[in-house]
Each structure stands twice: as C-alpha cells, then as structure tokens.
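Input: structures, listed below.
Common to both upcoming complexes is chain A, partnered first by chain B, then by chain C.
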Partner chain A sequence: MNTINLNKKIFRNFIITFLSTFILLIWILPLIWSIFVSFKSEIEVLAYPPNVFFKPVLDNYKAAIFGSLSILSELSDSFIIASITTILTLLLSIPAAYSLARLNLFGKKKIGFYVLATQMIPPMGLVIPYYLILGKFGWLDTYHGMIIVYMTFSLPFAIWLMVSFMEDIPREMEEAAFLDKASRIKTLLYIIVPQVKGGIAVTTIFTFMNSWNEFLFAVQLSGNKVRPVTIAMYNFVSVEQTLWAKLCAAALIAMIPVIIIGLIGNNHIVKGLTLGAVKGGGRK
Partner chain B sequence: MMSEKSFATYLITPSIIVLLLTTTFPILYLIWSSFQNINLAMPWMDGFVGFKNYIEMFQDKQFWKSFRLTITYTASTVILQLIIGLGLALLVLKIPKAQWVFRLMAILPIVLAPVVVGLFWRTLMLAPDFGIIDFFTKTIGLGSFAWLSEPRLAVISVILIHTWQWTPFAFLVLLASLASLPTDLYEAAKIDKAPAYKRFFYITLPLIRPAIIIIIIIRSMVALSAYAAIYAATRGGPGTATEILNLYAYRTSFLEVNFGYGSTLAVFILLITITVAGILYSIRKKRS
Partner chain C sequence: MDKGLKIEIKNITKKYGKVTILEDVNLTIEPNEFFAFLGPSGSGKTTTLRILAGLEEINNGQIFFNSKDITQSSPGSRDVAMVFQSYALYPHMSVFENISFPLKMDGVKKNQINEFVKQASQRVKIEHLLNRKPGQLSGGQQQRVALARAIVRKPKLFLLDEPLSNLDAKLRLETRVELKNLHKSLNVTTVYVTHDQEEAMTLANRIGVFLKGKLMQVGTPKEIFDNPASLDVAGFIGNPPMNLLDAEIVDGKLVVEGKLIKNYSTIFKNKKDLVVGIRPNDISLGEDGIEAKVYLIEQLGDSSIINLHINKKIVKHKTGENLTLEEGEDVKVSLNPDKIYLFDKITGLKI
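Up next is the complex of A and B:
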C-alpha cells in the first residue's frame, strides 16, 4: 500500500516537473535560439539541420554597432524619447494620482473614469489623426512629436498605477485641514512621495519599457531624423534578403535594456501587473 | 491658506489638460475625418461626405472579413492565455521550490517588444527549412509546414505567437492570486474528502474569479489593439488572411493614403473597444 502510494507520488511529481519544464523551455526557446544565431556567420545560419556546435563569431554584433547599418543612432533616439517621456509622465502623474487617491477632489469619480477611458483608446485611433495633425505642424519625425504621442499611453496608465500605490498609504499621514499651498506641496513631497517609492519605481519601469518597445507610432510618425530602435531591426530585412544573424544581434542589443530591467525589476513588474490586475490598469 | 478642494484641482489640472490635448482632441479629429474624403492620391476630391464612408464600410467585404478575424483573434488568444496560464499556475504551485525560476522566466516574453517577437517567430521558429518548429515537425515525421504562408495556418500562427508572448501575464497574476488563497478552506474540504476537481470548481475557481475577470479585461483590450507582432510576422498576409481590423485600417490609411475611410475603420475599432470594455466592466461590477 505504502509503496504504491509512494510510486504514485513520484510519478505525479515527475509529470508536474516534466510538463512545467516543457512550458518553461517554450517560453525561453526563441530568446535562447536568437542568442545562438546571433553568434553564427551568415553562412552557418543557413545550415540545415540547425547547428548547435559552431565556431562563434562577433561579426554580427560588430555590424549592428559599427557597420553601415549600425543601430547606434536608433538606440540613442529611443533612449532620449523613452527617458523624457518617463520624466514628464512621473511629473504629471504623481500629483494627479495624489489628488485622485487622497484628496477631496471635485468630480473625482468622473475624472477617474475619464482617465481610465483615455487609457483604453486603441492606438490605431490615435496614429491616423496624429499623422495628419503632426504633419500640419511639421512635427512628424521630431523628438517632441514622438514624446507627445507617447504621453497618450503612458500618462493614463501611470496615473492609475500611482493611484493604486497612493491608496495603500495609511490615512493618518496627512490629516490637516487648514494648510497653505506651500505646506500642502511639502506634505506631498516629503511625506507622500517617500511612501510611494516602490510605486514610482514600478511606474518608471513600465513607462520606460512601453515607450522603448512601442512600434506602431514609431513606424508611422518618425522617419529619417528620429528613428526609434523598434524600427532599426528593419535595417537588416529588405525585399531582397534578410540578414538573419545580424537581425538577431541587432534585436538582442535593442532588447538588452528591457531584458535587464525585467530581470532586475522582476518583483516590481509582477507587483505592477498584479496591482493593475486588482484595480484595473494594464496595457500592452 | 488653500482649501483641500482647490489644491486637489490644482494638482490634477495639468494632467487633465495634457490628456484633453493629446487624446481627446485627436479622437475628435478622427471622428471628424471619418466624415470627410481625405485621400492624398486624389486631393481634389477632398471634402465633407456625410456618412458615405460608413455606408462604404458596411458594404465592404474585406471589412467584414477583418472584423470576424479580429473577434476570432481576440477571443481565442484570451481564452488560450487563461487556460494555459491557469494550468501552469496550478502546476507550479505544486513545486514551491522552483517557483522563482518560473516567475523570473515568465518576465522574458513580456518585456520583449512585440515587433521583435513577431520577427523572431517568423525567422527563427516558423520559417521552413530554417526554423526550430519546422525542424521538430520534420524530425518527428510530420513533415514541413508553411506556417506563415498557408492562410489557415497563418491565422493559427499569429494567434499562437500572441498567446506565447502574453500567457506569462495570466500565469503571474493567477499564481499571485492562487498563492494568496486562505488554506483553511482546503483543509476543511480535504477532511470532507472532497475530490480534487470538486475542490477546484467549488473553492478555487470562485475565489480567483476577480483575477480571471481582470485578466479577461486587460487581455481583450490588448488583443484588440494588437498590431506589431502580426505586422512583423505576416504583414496581414498571405493575401489578407491575417489582416485584423488594425492592419486593415493601417493599410487603408497609410498605404492606400485613403485617410477618410481609414478613419472610419479606426472609429469602428474604437467602438468595438468601448463596447467590449463596457460589457466586461459591467460583468465585473455585478460579480463583486
């Protein structure tokens, strides 16, 4: 009896481990394989069956960084756009979220609903009017044009994330009815902001990552002067041929910032996802 | 002195102004242009046309095809993410020591740009005579498949690509939700010798229902705005086999430079999104 139960248990554990490991492998397979391919020569890449043992070369990384199709300028464009978007988003969303979450705001429910509604606007509904509007101003293919457009998805999401964090602070913190503007601002800066450091970290991570990874606005509203890194991959894909190995190297270089942020900020991201999930935010 | 009310207004006003200018104004512009002829190829025809674009849309076969495809794509990706995510969360719950590995690895697909995901799958995974999946199917004797160039397979492929990238989200949320469930209910059920499937359907499922509904809401919104991964994997092809409404509106506006009709399609996408969000939020309110 006992041995049968034990065998059953071992068998069950084996199945669980096998199944979950299998799914885990599927998750990381494309990434792992892209790393392999990025170290192959363009000839080696085409070998069939796919080769796991080969002499690794750095040519593709050299080409992606220093070559004529270098993605360096795209990396710096994305960095500029994502950083400024993140800073502006934080500056606007922290006071707004404080107001929504903790103050006696006039029309609070309606304003909260409005912010949530703006978050749901599908990007296709924005890219068409923005193409026409920015075109009229001559703001296509400019940093400020791209930053304005990126605020459309980052600001509503950031306000909602920050609201969730602000709501978690204990109430007594800022009970004082008769204050002047200066001391109210001080309360926000010196009492509230330090309490929501974690929330600010989560918001920073999400805003930066979403701006870095954005593609639809990037492909249509930027151009030759300002080129976000998500378009840079297409340097290596043309009608005539795809340079597989260089494409992989470029994609990996482009994704290194978000992969690092993801692995280091792992707990923050899970918290942001689940917080959004409890209270109703989340996008992309 | 400054009253709390006026201070609150003072803090939120900049954000509201920015949102009005950057989101509400362009949407109004979009609605306005959906009643216009705006065609960069035929600028002499431009002007107000009333409901002409809307009438054209309802008679447009490609529109209906894309609409159906959008519904299929959204429904199937959301359902697959939920089922696989829940299954995996339940499995991983049984191996507490390895949970951190799964939590860490689950982040990887989520942080990748969808355009990179689409490109990786098109090249590294699904390309005939090159991709890993193709290698596997050949090795186990199923032969080679034209994953992205046979219409029906292409639809399945883009659904699977989306599911691959976003199941980790459902998994992470459900794992957190499952881990926070009270254990005493289960002890009681075990003492009553309730079988595992009963414990799942009568205890676990009702308790994680709020998390499930939120996952459905968020994932539907994202699936309805999906664009980059499909663009990178198939560009809506072969033919228009994987052209969901987003890609059709994009092609109409930016490749055929027919911005009036493109705006009409985008207004329709906006309306579906609002409808789906409205339905899902009302379900959520009723349940909680």
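Up next is the complex of A and C:
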C-alpha cells in the first residue's frame, strides 16, 4: 500500500517537474535566443542554418548605448515616465484605498465597481479617445500626457489591490490608535501603511513594469519629443533592413531595470500575493 | 490628587438597521469605581463599552463625563484607554513602540517617554520584553503589553473588554488578582466587560447586568446575588444559576409541584403564574418533598452537582456531602422555605 502511494507520489512529482520545465522553456527560449543573437554580428545573425558556435562580439551593445542609434535618451524618458507614474499611483491609491476600505462614503459600492470596471475595457478601444483628449489639451508627446494615460490603468489596479490588503487589517487596531489620540492621517501613516508594505511593494513593481513595458499607447500618443524605450526598438528597423543583433542588444538592456526591480521585490510579490489567501495568518 | 471621573449614561439606545442592540440604558458610574458589565454574548455590554470609548455612534441618549456632555466627542478627545479582547497590539512595532505610541501621539517629550514606558512596563512586569515584537510574545505577555499601553498615558477612564478571556485558566486567576491590585494602586474609574460572573463578582465594586440589550440590574456583587430583581437576572447569576420552578398561591399557601412550601401571607390570597427561584445549595434531599429522579451527577472535586428531573424540568442541587446516589434513582426534594425567591411569571419581576 505504502509503496504504491510512494510510487504515485514520485510519478506525480515527475509530471509536475516535466510540465513546469516545458512551460519554462517556452517562456525562456526567446530570451535565450535574443541573448545569443545580441552577441552575434549582423551577418552571422542571418546565417542559415544558425550557427551554434560563433565568435561573440560586443559591437551591438556598444552601438545600442553609444552609437548613432543609442537608446540612452529613450531609457531616461521611460525611467522618468515609469517612476513618476509609480510614485503618483502610490500617493493617490493609498488614501483612496483606505477611504474605500474604511470610511462610510456615499456611493462607496458604485465607486468600487467603477474602479474595477475601468479594468475591463480593452486598451485598443481607448487609444483613439485618448489621442483626441490629449490632442485637445495639447498634451500629446509630453511626459505628463503619458503619465496621466498610464495612471488611468495603474490607479484602478493599485486601489483594488490596496483595498484588499487594508481590509485584512483588524478594525480594532485602528480603534486602538484612535483611542491613543492618533488622527486618521496619523493612523494611516503609522498603523496602516507599515502593515500593507507587501501591497505597496506589489503595486510598485506592477505599476513600474507595466508603464515601462507599455508599447501601444507609447507609439500612438508619443514618439518625437518623448520616446519611451519600447519605441526605441524601431530605431533598428528600417525599410532597407532590420538590425536584429542590435535590436536584441537594445531590448536586453531595456529589460535590466525591470529585472532589478523584480528581483528586489520578488519576495514581497510572493508574500503579497499569498498573504491575502491566508487572511491575517500570523498576525494576532 | 484630583477627583476621579464620574460617568453618567442617559437613555442610550443603539440600533443596527432595524435591530435594537441597546434599549434605553441609564447608568451612573462613580469616580474611581471598578464597575463590571456582566452579561452573555450579544447582551449589549461590549457595545455599551464601545459607546463610552466613542467607537460607536448612538441613535439616542447622552453621555456625561464629570457632568460634561461628551456624546459627540471623538475617541481621542475623551482621554480613555481601552484594552481590547484581541489586545489590538500593533504587530509591526516593538513592545516599546507599542507602549510609547499613545505618548508619541500626545506629543510627550522623548526623555519623558522613556521614563513613562519604563514605569508602565515595570508595573506589569514586562520590562525585559521591550525589544520584542508582539508576534514573539505569549498570550499572557501580549495582554500585559496591552495593559501597559493603556496605563502609560494615565487616562481618566479604563475600559477593559474581556481582557482575560484569551488566557488559560491558571493565568486568568493570577491576572485577575493583578488587575484588582492595579486598580487599587492607580485608582482610576474602570469599566470591565465580562461574561464570567466570578470575574465580575471578585473584581467589581458594582455590577451592571446586561441581558438582551437591556441593563437589567445594577448593584454590588452581593446585592445582585442575594437580591436578583427579575427572573432573567435570577436565571443568569450564580454558578450554577438559580433553579426556577412554576408555583402558585392557593389560600395563602405557596405551592410548588403540588407540595406546600410555606404559608404565604401577602396581598395575594390566590395567585397563579408565579415562579419560585431557589439556589442549588438551598435544596435538600430527604424522605419528604417533591418527587424527582436523579438524571446526572457532575463531580466537581470538593462538591458535586446533582441534576434532578422534576416534571421534565432539570433542577440542579449542589452539595458538598458525599451522597451515594445513582443515576435513575427516585428521590424526594425539599426547598428551604427561607431561601426562596418569588417572581411574577408574566412581568418577570420579583415579588
């Protein structure tokens, strides 16, 4: 009986390992391919069948950073847009989520629904309206224009996420703070915010990542004065040729900030996403 | 030393939607008194405490602290400290930060904060735990931190919401004594919510009995025990509570289950719908009396509770004697006529 169970277990583990490796490979293969390509010369890239062994060169990275097609200014544009979007999203979503989670607001349920409903509209349907709106204000191709557009996506998500984190905090904790003569604002700062650090980390990472990786709106609503790094990939595509090696190098460089933020916040993301499931487990 | 806080509660009513939680509660708590709200869960005692703290809004009524109307005041402005049943410690702060939080919010200077925290933590014997986080403490230690956080600010009023209910039995008895001492040394008006009669009786100067959202009776522990004002209170106070048996007066004689208990000369010569209350200790088993059957015997060590069936009703008899009874045995029960309480079954009031 026991051996059968044990065999079953081993078999199950084998299947799980096999499946997850397979899925991981599907995910990671393009990345590995890009890394290889980024170290090849442009001629080598077009060799068919592809060479597994080749002499790696750093020319593509040099070109993507220092050359005439440098993506440095685009990186800085993306960094400005993504970080300001993230900071503003946090500053607005924390008090908004607190009021939705705790205060008896008039029409609270409707507001809550609206916040989620905005997430249901496909972005494609919003491109043209946003183009017209930003155009009317003269905000096309500006930092603030892009930041506001990105915030319309990040804010609802952030609020929704923070509300669920805040609702997990026992009300008595806040009541204790009120009796300790803390005002609402101080209660939020000293009692609530430190306890939703996980949620703040998750919000930060998701907001930064989404606005950094965004392409559709970037390409439609900006592109001349303000050029997010996703658009910069077009630097390497022209009518005559596509510079695949340099494109890959640029794409890999553009990934670095997101990877760094992801690694820093990795623990928090896992903690944050699972904390909601155990509802206040570990806290008393 | 200044005079303590006197609390007056006038005509308080609290509703959640259509459900009435508290109905027309009136109460005066004297300065420096240790007052207990006693009642089963859902009786409105915690709600009343939270109303005193300012954490619940009321539909009707007023609250006065030393004759000042504070009905609409915010919790922070009332200068009260509360120990929650769950303790509500701030999990991300150390014990020191937890205790100092009310001082910090009150704008107390840093060197004074250290001094006050030291005093408060010594008082509840947790000075060695100041660097720990609440999650690293046992239930009893957490409870002491909550107490320290409450006393550190030297408030005018202490509110304790079932502070001992999460402790194990031994610790509960120890902490009970310490609470009593704490109240003696601090001498601050204290309101204590509990469902445990023993706690209320041993700790409080006076008790308010809450039942079904009403304040049924207020008095000293002895008054409440010796002189329950109504059937509800009689059926709740005492461990086990009073036995309640249907009775009537026939020709000036009190009759229970067909047996004459005693002559009864009051305004009534004949009256039906009465209830006789008798404490489990005031029943005796003997040759003569009401017929009963032994149903179950509970051994308590120094005494035992004998559950008797009288006309399908369970009557408890508590005795220290070592009786050789068997379950299912027929016995005769007599009630001590000097120790009976008589209630009107319809109004529920004592006669």
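Heads up, the rule we're going with is that the second predicted complex is superposed on the first by the 235 of 284 C-alpha atoms of A that agree within 3 Å, B and C clash if a C-alpha of one lies under 4 Å from a C-alpha of the other, contacts with A are read in each partner's own complex, and residues count from 1 in each chain.
In this text, a residue touches a chain if its C-beta (ideal position, glycine included) is under 8 Å from a C-beta of that chain, and two chains touch if they have at least 3 such contacts.
Just so it is clear, the model here is predicted, and its values are computed rather than measured.
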Chain C versus chain B, contacts on chain A by residue: B
First, second, both or neither for A:Val52, with chain B first and chain C second: neither
Partner chain in contact with A:Pro194 - chain B first, chain C second, else both or neither: second
Partner chain(s) touched by A:Ile148 [first = chain B, second = chain C, both, neither]: first
Partner chain(s) touched by A:Pro30 [first = chain B, second = chain C, both, neither]: first
First (chain B), second (chain C), both or neither touched by A:Lys186: second
Touched partner set for A:Pro170, first chain B, second chain C, both or neither: second
First (chain B), second (chain C), both or neither touched by A:Leu247: first
First (chain B), second (chain C), both or neither touched by A:Ile4: neither
Chain A residues contacted in one complex by chain B, in the other by chain C: 177-181, 282-284
Interface residues, chain C side, partner chain A - complex: 53-55, 74-77, 80-82, 84, 86-93, 101-102, 105-106, 134-135, 142, 149, 153
Residues of chain A defined as touching chain C within the complex: 170, 172-173, 175-183, 186, 190-191, 194-195, 282-284
In the complex, chain A residues that touch chain B: 13, 16-17, 19-20, 23-24, 26-31, 33-34, 37, 45-46, 48-50, 92-93, 95-96, 98-100, 103-106, 111, 114-115, 118, 120-133, 148-149, 151-152, 155-156, 159, 177-181, 184, 188, 209, 212-216, 219-220, 230, 233, 237, 242, 244, 247-248, 251, 254-255, 258-259, 261-263, 266, 269-270, 273-274, 276-278, 280-284
Contact footprint of chain A on chain B as seen in their complex: 1-2, 4-5, 7-12, 14-16, 18-19, 22-24, 26-27, 29-30, 33, 38, 84, 88, 91-92, 94-95, 98, 101-117, 119-121, 123-125, 129-130, 132, 135, 139, 164, 168-169, 172-173, 176-177, 210-211, 214-215, 217-218, 221-222, 224-225, 227-228, 231, 245-246, 249-250, 253-254, 259, 262-263, 266-267, 269-270, 273-274, 277
